[in-house]
């Protein structure tokens, strides 16, 4: 809510991440950055720009193009007392580094009986909309949310981008931050002083009584726009920004759906076996099940890779009018 | 059903896979095997034993320990007209090869506008129960089921192991076969002559009217045992073996649940964000939703890595009594 | 083991010289036109231009047969043209049109022309290295004496797949030739800052593989190294690694601010332009005269203009076909 | 670049020789006891024994400080003991007991002893290579002059992570020493069938890294190479690669049928037993006398027997704690 009501210093999502890293590096010399072209180049999305000039090449490390090795190095550094922030240039490239993330970082604390920890932060620019085609546009967050030992967040606002990144740095566990590329330029209220947004808590972005729309990442903005349109026809949609996928804030979701009696989940990732499935299942298993006045509905990416052609690309992921249509159908069906 | 009613030549799951590969290699010289220790050693689970003696080292290729390269090589060979069958020694090691599987094999047909195809079969021994601990016991099938362009099957019987492997070899797309290690020694009816089991069709293993239990892999056997126990207290459970995760046989599932009005999904993989979530969501979105007399219930792996200690290991995944308890609760609740 | 360039090919004939120059001019023209179209807004997304690197793509592909295969990279327009693609269908692809090589689904980073033996560009750095190796394995299984050329960059040589695939290619003596276009940078990171050794060719020793380092801006030097490597591959003597030293004149992609290199360095390399250099050679050696060269230039310009016209006029894909070709149909069905 | 063994260490003192022999005997005793317990059924799952390779683990760890770190492998019992772990807590771990180093959650493939600087065995071949490199980066950031030793096998040197991590370690001159235990096989595949070159040490040249190939069954030769590599690492001169030639006497794991090697080969290597060999040396040089050696043997036997007794008597984990330690608690909270 703060993003709506608080006094205003508006900066972009990219600047919020930049500020969080800058403040963390100034406060804790163990914190350092590892990634491709994050130094003089400033990162493919300019999120780390100039940090190398302020903190030097020893703490803003351009790696060779070697995602598997870089991720393993980040795990080892964290294990030995460092506080690495690893940037994948595109989340798609994490497909080269699943081994150290999933077999090592996620499991070391457990496999060693709690005698070691891997405080590692991984930043993953993801999503479509840039015309970069199938290998630079994926939304793979569901893979990581399926892995015990990892924490997974998906900030939808500049405020949460900063607060979740700082919270991730405090966390003694590996935390993955999925950042949607189209959000980097989005502006919003961001307090200058460091603050934390708790990992594992969803945010109520708009209260409503007729339907609960649960959205993540870029879809939060679209869901809010859709809620505005729905309001014109007298339908009050409640919009919840999931923020954290693992741990998942089941309480908030169940309470909301029990109240509104309808659920629409919206994410950009491919619909089938996506995170919307877990949310739908969670509700279908919960006490909210008996309160449902309509079937649950999911909107997700089309069952295809992201195409290059911009018209097709847009058609491959949910848009505002898709959300409006799906929500209206559920509300009417329930009436 | 065939596994139950047909005449009997009973062989093991491992032998069924072996026979399928042997018949395919004899029938089509383009078919070859690629993997670690699949030659003289016969594969970690002896599934490829002796094939190198029959077909030679040119068609049963021991790779160095290099999963990423081997998977990429398999993709390239398939693209250029070969018919590789790639064996990962443990499915956990596919974490090193997500890039060629997900970015290349799954997307090439689409990215190239249908002008190329990748007929690739990948075998992945998976699951827990062998005391091999966290890095040799995972069930990661949900990751692949989330990727358009891939097909994913999980045979639960020797009959389906052979039939699905032969169907996968006929398929012009990449097909992943998840084989549970504890099933390799399981015996069942397997016709000697080559046959195909269609990819994308679930199998009704036991008809029943009170509840639908959807299970995969090793859990199918446990679900059938649970159904036997339930029958003693007069509860008739219908057991469906999913067999194929992508494509998913929604029709069969929806029809069954609409009839029984109750759904229990059981898999070994970690429960949250697992394949059970997709099945629960599919039903919660379907016309069967209105027929449900009880909330949907999922049983899956505990939210932790697989531990080494055998008692803990057993406790980490659903067992027969867990299934009986969950099903009974749903049935009573509905009554 | 050094690749013996002793048994080099005969010097290019006038015809071959004409072909080489024509292709280099066509690549240069294509890149400049694509850049202009991007500015105009008729091409979106991003693109990686190979201006200044034309001699490598052409010098390698001159010695290839139509039935030989190549795997290309994100910087692949030159490879695609050199292997024999139609620039009109390429421009249509970059314009996202249904008539494009990938029906507008792939774009610059996934452009491919299976018909002329190009298995495709790749959005993943190093993504083509193992694919090329596997294709070579398939060719050998098919008892063909064709080979596969694998293009990749200096940055890609730091990826693990380079190590895994080159080891297997050498171990199994596969008919594949690895061609590293060393343009000094992987995006913003110079080879000095990304590699613990001065050159990529030296890494071939870790696989007992023959290698050579050549001037990538000299189409004749590249052609000579390729000639030897191809002969070895076709004879079953195994893979080779050719490192071609060249330079990318433009930024890495459309969003590059060149913060990591100097104007002087760029100007120095501009003075080594591979096209001007080869033209000079052809004139000096009397291989081609000025009129012929002018005619080739004019033809390239005309071909590119026709390509742009074709692409602009071509229809976009029908959104109803969004999910077409996610899965290939069974040959039976097809 | 060859690792200069010129500035080798002084010959081991009687004390050091005693320590070396004690550790090798303890490792041998542990492996044999673990094997027997597996047969008895008190240890389940699988295990990878290092019988015959004791001299490498010991020769390397002799020169390490308690504050130095190591990353180990699936064949890691020897590394763990040589770095200073308590065999009782190790045996308890292999027995799946709460008192084990990993509270029975890790077992043989994940055994670790953070206290003595062992960051852990690894179930993933090559899984420790980048972790060791990253740990070395952290040590340097902490301005410590400690170093990290990374153990891995010949088979692991074919994994891409070997290439990526060694390149970065050399590029950044990190205090890490890569120790390849070349026992001729990666499971069933010989180095001749898995590597296109005869040795792993030669691959260091691809990273401009110093390297040495030593007799891994000669604890003194291993110790000497380590001495030089450690001095370089602590002095900031960068990483080294030591290849120790040795042999695995037992099968790869409990399920190995030895189909891929000959009895003769195994017998040949049995005749090169590193323990018998070092005992002979100590007697010849008068470093240790027969009584001392017998005493060390007896002590090792007693220590192992005590360990087995401890492990057998120790309680199993409480099933209610199944999901404990999946996540570490915040230091604040802890």
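As written, the chain order gives the labels A, B, C and D, with residue 1 at the start of each chain.
Definition applied: a contact is a pair of C-beta atoms (placed from the backbone, for glycine too) under 8 Å apart; a residue touches a chain by one contact, two chains touch by 3 or more.
Please read these numbers as outputs of a predicted model, since none were measured by experiment.
Taking B-D and A-D together, the chain pair joined by more C-beta contacts is A-D. Comparing the CA-atom centres of all chains against that of subunit A, the greatest distance is found for D. Between the CA-based centres of subunit B and subunit D the separation comes to 37 Å, rounded to the whole angstrom. Separation between the centroids of subunit A and subunit D, computed from CA atoms only, is 41 Å.
Centre-to-centre, using mean CA coordinates, subunit C is 45 Å away from subunit D.
The distance from the centre of subunit A to the centre of subunit B, each centre being the mean of the chain's C-alpha atoms, comes to 30 Å. For subunit A, residues touching at least two other chains, in rising order: 64, 66, 68-69, 92-93, 96, 99, 103, 110-111, 133-135, 148-149, 302-305, 307. Counting partner chains per residue, subunit C shows two or more touched chains at residues 102, 104-106, 110, 122-124, 127, 158-161, 163-164, 167, 171, 193-195, 323, 326. Residues of subunit D that touch subunit B in their complex: 44-46, 96-97, 102, 104-107, 109-110, 122-127, 155-156, 158-160, 186-189, 193-195, 255-257, 259-260, 316-317, 319, 322-323, 326.
Of all residues in subunit B, those touching subunit D in their complex are 36-37, 39-42, 44, 62, 64-69, 92-93, 96, 130-136, 302-305, 307-312, 315-316. Touching subunit D in their complex are the following residues of subunit A: 29-30, 32, 58, 61, 63-64, 66, 68-82, 84, 99-100, 103-104, 108-117, 119, 148-149, 151, 170-173. The touching residues of subunit B, when paired with subunit A in their complex, are 68, 92-93, 95-96, 98-99, 102-103, 106-107, 110-111, 133-135, 140, 142-143, 145-149, 245-246, 248, 269-270, 272-278, 280-281, 283-286, 289-290, 292, 295-298, 302-305, 307. Of all the residues in subunit C, the ones that touch subunit B in their complex are 69, 71, 100-106, 110, 112, 114, 119-120, 122-124, 127, 129-139, 141-142, 148, 160-161, 163-165, 167-168, 171-172, 323-331.
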